[in-house]
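In structure tokens below, several structures.
In the two complexes below, subunit A is the common chain; its partner is subunit B in one and subunit C in the other.
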Partner chain A sequence: MNINTFIEKIEAEFDELEPGTLQKETSFKDLDEWSSMHALIIIALIDTEYDVVLTGEDLTRLSSVEDLYTIVKERK
Partner chain B sequence: MGYINAISYYFPEDFISNQDIIKDYQVFAKQKEKRITADELYQQNWIRKRYQAKLSVTAKDLGNYAAKKIFLEWDIDKDDVEYIIFVSDALEYKGPTTACIIQNDLGLKTTVGAIDILHGCTGFVYGLSIANALIVSGQVNNVLLITADTPTKIIHPSDIELRSIFSDAGAATLVSNQKIKEGINASLGKFTFGTDGSGEHLLKVERSGTRHPADVEWLRQFLNDRHNNLGGRLIMKSSAIFLFALRTVPRLVKKLLEIENLSQNDISFFILHQANGQMLDFIRKRMKIPSEQFIVNIEEIGNTVSASIPIALCDAFRENKFSQGDKVLLAGFGIGLSWGGTIINFE
Partner chain C sequence: MPFFSISDVKISGIAAAVPKNTESNWDYDKLSATEKKLLVKTTGVENRRVAPKGLTTSDLCLEAAKVLLKELDWKKDEVDILVFLSQSRDYYLPATSIILQDRLGLSTNCMAFDIGLGCSGYPYGISVVSSLLKNTGLNKALLMMGDISSATCAKEDKSTYPLFGDAGSVTALEYDESAKKMCFQLNSKGEGYKSIIIKDGGIRNLINEESFIKKEIADGIKRCNLNLALNGLDVFNFSITDVPKSLKEFLSKTNSNPDDYDYFLMHQANKLMNETIRKKLKFQAEKVPYSIKNFGNTSSASIPLTLVTQLNDQAKKNRLRLLLSGFGVGLSWGIVTLEINKIACPKLIEV
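What follows is the complex of A and B.
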């Protein structure tokens, strides 16, 4: 896995996001579109695609897309 | 053109509360450290109560009760029925066809046609489309469509997530070539379908058929369980199913609107398969559908598989939600993976 495909997968899941909106350093929770629904979508996407189960607490702790990518890579 | 003229439904007497589910889970689950409260369970799916048929009662029985109610409640002469479609993932046997047995149970004429459709949450849409095709092609005028299932028989008490969602029920729908007096009388529009069999293992009843049938060793693990999972065990990869629903339903709705040349604003009400309250609300928000136009009745009923759409449609009709000219979008999605929909018109 690499961070670019990881970002593409997340963007593909969020109809609300224009491709290219998410960058490694983007703080995803600060996006205008962000909601608890998106947190659940991210958890489901990562479980389905990478077989890694994140919790709501994990997401609260993380801020950037890169943080998210790193934790998925570590736990995989 | 086919019309949905009448719907009646039936729930078993027994229901299970969130507290009951947690209690059983603590007895049967191996990971005892996982603690969950009734309220947390409710927050996951917005369900407080679901029905459970007795071990001796099958999906066919629930369907028969619903059919007897439809004859009474809507003043329908059962001799008018020319064709029975039974939709379920819980058939009586691998043979004979369950719909054939229903003919005898209900005392319908021996001139009726009878088929089963093995489908789950998309089952009502499939049943409607076949009933409509039989009518439009002039083969028959009145089809009794029975959608019934008993998912609680194939869920192990340690599977708290599945147990909290699924519920047993039967629904009977009369589809005819013309309207009836004081009926629902909604005409059927075009249908659209979708199938992705690569999702076979995301949601299935393992050890329930000819592929890896249940053997003595597999069954032995359930010796202390209430029903021993004799009909197999339902398994679901919930993250993948959640994403599937979130991805598929908006596309399904879009395609339906396209083939009918309508816009989302032309739809008065959306009745989706009542899968999970929280998930339905996500879909609603994503599609920007106002909550008053989006019917959710899952709280006191649960996910009744192929019976969920007719139950919600019947309740909304009885609550006088529909007016002349309303268009109501019906959409089913789930095991298969499978999806399908249609738009009905209150003319």
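What follows is the complex of A and C.
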């Protein structure tokens, strides 16, 4: 698993995002496009692709894309 | 582990009723155009049936039951058991099932009681009624199920209002020694009770003046303590972890796999959630019908409603081996496998 494919997968789930918008340091919850629906989408994606379960609390605690990547990698 | 089977009981018919009145999420003004698109894509809910003020769950169930009894040609004095499973009863007391006994014109020689469950209700209700039929010598039962959720969701709460639809259903069960055995697994996880809750109005928090005060919880989420509060993320997590885990255990205990079932009908909660479960269990998409697009989350009515609207012809003409799973408020979840064979299945009734 590497962070670039991870970012591409997440970007693909946000229809509205221009490719390249998400960077390691992007604080994804501060994006204008972010909504609670995206939390569900990310949880489902990470569960399906990596078999890792994120909770709502995890998502509240995390801020950057890299944080998200790190936690998925740790739990995998 | 509450895994068990019940033999000698079959489902003879299933009917469902919804209010005529339809609301579309495309017209829901608490969401921006982008939010609407995202909501529909994620939850799968486009339209919902919404009961006018005063129309109750029992009214919907009653209409469904009238049509079903006629189609089955059951005499009213033959019905020995009436169970109403719902979270939207007519009155605080008495139990709605007892009023239904009278409204349906059933004999007083009919036992009637309520069960207070929601989304997990179908497997639970079937297990209770089937055990009674198996063990008592009684012959025929009606299991009514459903909810009016629109009355308790705040219209100003975008986290609940666009998700739920109103519906009622009835399932007719009878003692029959030629019936294939049903297998069940039923679970509970009370630690998650706050995930889907109406806080006030019970004995724990008696209704008081503050119960009516609407508070802004977050942007687009305004409700009072008499409204349904839903922690979508917690429920989502529960549904994509505990539920498929139990389903996998169940399949292994019953020594079965997706090929052994014609259809897998899930509680209609959220399309993304249900699809995640479906993929985990490796069920083909064709075997997993949905009613959520046009009816939303219809609580305990969702499984019978899906069958009536999506598999109507097949249920009438064929023998179908079904895997059914309900999950949600409680938290509570259950699974049942059963076979239906050319059952009475009237077209969806509109009230």
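One rule holds in what follows: the second predicted complex is superposed on the first by the 76 of 76 C-alpha atoms of A that agree within 3 Å, B and C clash if a C-alpha of one lies under 4 Å from a C-alpha of the other, contacts with A are read in each partner's own complex, and residues count from 1 in each chain.
What we mean here is this: contacts are C-beta pairs under 8 Å (C-beta built on N, C-alpha and C of every residue); 3 or more make two chains touch, one makes a residue touch a chain.
These numbers come from a predicted model, not from an experiment.
S.K.: Following the overlay on subunit A, give me a clash-or-fit verdict for subunit B and subunit C.
M.R.: Verdict on subunit A: clash between subunit B and subunit C.
S.K.: Answer with first, second, both or neither: which of subunit B and subunit C does A:I71 touch in the superposed model?
M.R.: neither
S.K.: Is A:E13 contacted by the first partner subunit B, the second partner subunit C, both or neither?
M.R.: Touch status of A:E13: first partner only.
S.K.: Output check: A:A44 vs subunit B and subunit C. Expected answer is one of first, second, both, neither. What do you get?
M.R.: both
S.K.: May I ask you to decide whether A:V52 touches subunit B, subunit C, both, or neither, giving the answer as first, second, both or neither?
M.R.: Neither partner.
S.K.: Looking at A:L31, would you say it contacts subunit B, subunit C, both, or neither? Reply first, second, both or neither.
M.R.: Neither subunit B nor subunit C is touched by A:L31.
S.K.: If the shared chain A is used to align the two complexes, which stretch of subunit C, 20-28, 74-82 or 200-208, clashes with subunit B?
M.R.: Looking at 20-28, 74-82 or 200-208, the stretch of subunit C that collides with subunit B is 20-28.
S.K.: Touching subunit B and also subunit C: which subunit A residues?
M.R.: 15, 37, 40-41, 43-44, 47-48
S.K.: Tell me, which parts of subunit A touch subunit C in their complex?
M.R.: Within the complex, subunit A contacts subunit C at residues 15-16, 33, 35-41, 43-44, 47-48, 53-56, 59.
S.K.: If you look only at subunit B, which of its residues touch subunit A in the complex?
M.R.: Residue list for subunit B touching subunit A: 237-240, 242-243, 246-247, 250, 282, 285-286.
S.K.: Provide the residue numbers of subunit C that touch subunit A in the complex, in ascending order.
M.R.: 34-35, 38-39, 41-43, 159, 231-234, 236-237, 240-241, 270, 272-273, 275-276, 279-280
S.K.: Mind pulling up the subunit A residues that touch subunit B in the complex?
M.R.: 13, 15, 37, 40-41, 43-45, 47-48
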